[in-house]
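Scrolling down, you'll hit the structures one after another.
You will see subunit A twice below: alongside subunit B first, and alongside subunit C after that.
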Partner chain A sequence: MATPGKTYKRLRNIVLAWLTLVVLGGFLLDIPRINILEHTARNLYFHVPMWFTMMAAFFVSAWHSARYLSSLDRVRDTRALEAARVGAIFGILGLVTGIVWARFTWYVGQGIWWNFDPKQTMAAVQLLIYGAYFTLRASVEEPEKRARIAAVYNLFAAACVPFLLYVLPRQMESLHPGAEGNPAFSDITHPIMRVVFYAAVIGFIGLFWVLYTQRVRLAALNERADDIPES
Partner chain B sequence: MKQPFTAWLAGAWAVFEKDLRLELRSRYAVGMLLMFVPASILLILFATGQEPLSPRIQSGLLWIVILFAASIGLGRSFVSEEDRGTVLLLRLHTRASMVYAGKLLFNFLLILLLETVAVFTMIVLLNIQVAHSGLLASTILLGSLGLAGATTLLAALIARAATRGPLLPVLLFPLLVPLLISVVAATRHALEGGFGWGASGEALTTLAAFAGVVITAAVLLFDFVWND
Partner chain C sequence: MTIHAIQEADTTYGATPYDSVWTSQEVPVQQPDALERTMLAQDKLYVVLAVVLIIWIGLAAFIYRTDRRIDRLERKLDARISDEDVSP
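Our next item is the complex of A and B:
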């Protein structure tokens, strides 16, 4: 794991080249001008994939926590932690891009920064859970105990979170697609926007994978460095 | 030779009975909750003054007081075992699921007591009108089941962690957001009246499902917390 293989390097380069193309395409390709949205519609390529990536990171983290409890392999714990860390960064970016986007389009005259949107609330709750997970880890010294306790909390959170998907949309109105009369892609969405959007989702999940594997490698190297006795 | 299930029930009951007896001896948790709830409701009264509160705000305040009281009052249930060094004995004599079930029952009853006190204090101090008491009772019953299920597991987690005090609210509150939303919606219906059972059916089924999922997950995960 410490030295990356050829396939890993090749895949990493593909991800980076792919993301460069996505960013270029996202900013340069022509898009239809929709009233209110105008050029901010390009945020679709960046804001929405952040959310997808955070959910993917959450699943990766929960999966490795479950594997940790069944195998008690330290690497699993490192993987769960690093997936959560990178996922939290994507979550913060998704929340910030969403808040800024809504502030300067829908709420431009009202000065509202935070609205009680189900998806926004869920992202905030998810970030709180990540924060609790990191705080819990910081409070335990012994590595094995820390790994076990953190894994239990991570899985318990994974059991509770899906309720938000069910509960929140019934309580709150939403700006987000999926609500009534607000499909994810409508007829006015240009076909090229779909292509760039899907490419961006794949690209940002790829970026997550690159960052996450690099962090896991770094953690493994640090651990190995700790094992070498000082002379 | 007892049947396995009756043996399990007897074990869980023994854990519950032990906790109850210890609590009746010291009256620490009950005393603290009985002080905390009226004190925080009095604070709400001073902070809001004569301003009439809408049922939505009343039900929100009620449940926030309950969540805070539960998160500081129930955190002790496993810490005290660690402090007294009785964990090893419990581990030798009972299975993990028995301990969880016993503690869950004890915490459930404690939360029910706490909620009853909170509701009556609010009726007296904040002039809350209860239009639909059956709905309120079933909301409280289902809500405390989920609350007790989550708190019991997390209290066991905290007991293993080094810094025990303020960690439980941090861990508990994000997980209880779905519970809080449903329970506040159902309580508001019960206070306002004119809604009946049908309107709150969704909130009540969500509460029941939440309690089921939380307790199932907690029973599955408790083994890993309890055993070394």
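Our next item is the complex of A and C:
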């Protein structure tokens, strides 16, 4: 690429402006009133995209890990690490926002912060699996070996995602849409809400891309600095 | 924690456990405490505010961490490049 910085800057500005519009639309547009949910239905625009973004990030991470194994290019290892790291941040945010949403919506008057909702629990397990990825990386000293072991483990971690977040929670009763006895998301959601929701998903995935690109650029600079002989 | 008898859920604050995994268990519905009264005001709009703030704080913390790495890189470069080399 001739001017990678230019493309990055343009996309970054679009992402930030886009997300600003999403937040405005998320708060200002009228939505149907539903008992119990009331305004918290707007959390659809903020809580759910966290998970979509996390899954996109883990997919990017797994892709680079697979490419690392076939090319042994260190850049791939860096990209896999940074994508997983930003993805884990979004996962933690999804978990915490879910706790707050449920606490003041369905568990009002009961004081329950954590009810072992299947999807919530599986998402926590998934984050622990990725936590082990970072621990594993920290425990291997030699860069070549670390990159290879981490890449193989990362493929396993990514393979767990569809099972832990889709297959298993849908077999059980849960607060989440698509679970046993609950209608799927697309059947029940108002058209306006769907527009804002998809815009939010695109916006937050864009934000992931911005943060991830920043980290990868920084890591690349760090390696170049390492190549400078110490004076 | 005092356990009150189950009351008929009223439309404002009452809640029934939607999560039917636990319906066999008797969940006492308490009077809303101060935190709940705050969060449930304005048709629960403050719950959305809390969620957006959590995301914002999380992202801000991440930006701080990136910043720390930039600082480290700057110190590393300072250590490796002598002053004559970087002067414009």
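By definition in this document, the second predicted complex is superposed on the first by the 206 of 231 C-alpha atoms of A that agree within 3 Å, B and C clash if a C-alpha of one lies under 4 Å from a C-alpha of the other, contacts with A are read in each partner's own complex, and residues count from 1 in each chain.
Please note the rule applied: contacts are C-beta pairs under 8 Å (C-beta built on N, C-alpha and C of every residue); 3 or more make two chains touch, one makes a residue touch a chain.
Note that the structure is a prediction, hence the values are computed from the model and not measured.
Contacts of A:215 after superposition on the shared chain: subunit C is touched, whereas subunit B is not.
Touch criterion met: A:148 reaches subunit B, while subunit C stays clear of it.
In the superposed pair of complexes, A:40 makes contact with subunit C only, with no contact to subunit B. After overlaying the two complexes on the shared chain, residue contacts for A:202 are found with neither subunit B nor subunit C.
Which of subunit B and subunit C touches more residues of subunit A: that partner is C. By the touch criterion defined above, A:11 reaches neither subunit B nor subunit C. Once chain A of one complex is fitted onto chain A of the other, the partner contacts of A:66 are absent, as it touches neither subunit B nor subunit C.
Contacts of A:100 after superposition: subunit C is touched, whereas subunit B is not reached. Of the two partner chains placed by superposition, A:75 touches none, neither subunit B nor subunit C. Shared interface residues of subunit A, touching subunit B in one complex and subunit C in the other, do not exist. Note for the complex: subunit A touches subunit C at residues 23, 26-27, 33, 35-40, 42-43, 46-47, 50, 86, 89, 92-93, 96-97, 100-101, 104-111, 115-117, 172-175, 181, 207, 211, 214-215, 218, 221-222, 225-226, 228-231. Of all residues in subunit C, only 1, 11, 13-15, 17-22, 27-33, 36, 39-40, 42-45, 47-48, 50-52, 54-55, 58-59, 62, 66, 69-70, 73, 76-77, 79-82 touch subunit A in the complex they form.
By the touch rule above, subunit A contacts subunit B in their complex via residues 69, 121, 125, 128-129, 131-132, 135-136, 139-141, 145, 148-149, 151-153, 155-157, 159-160, 163-164, 166-168, 170-171.
Those residues of subunit B that touch subunit A in the complex are listed here as 150, 153-154, 157, 160-163, 167, 170-171, 173-179, 181-182, 185, 202, 206, 209-210, 213-214, 216-218, 221, 224-225.
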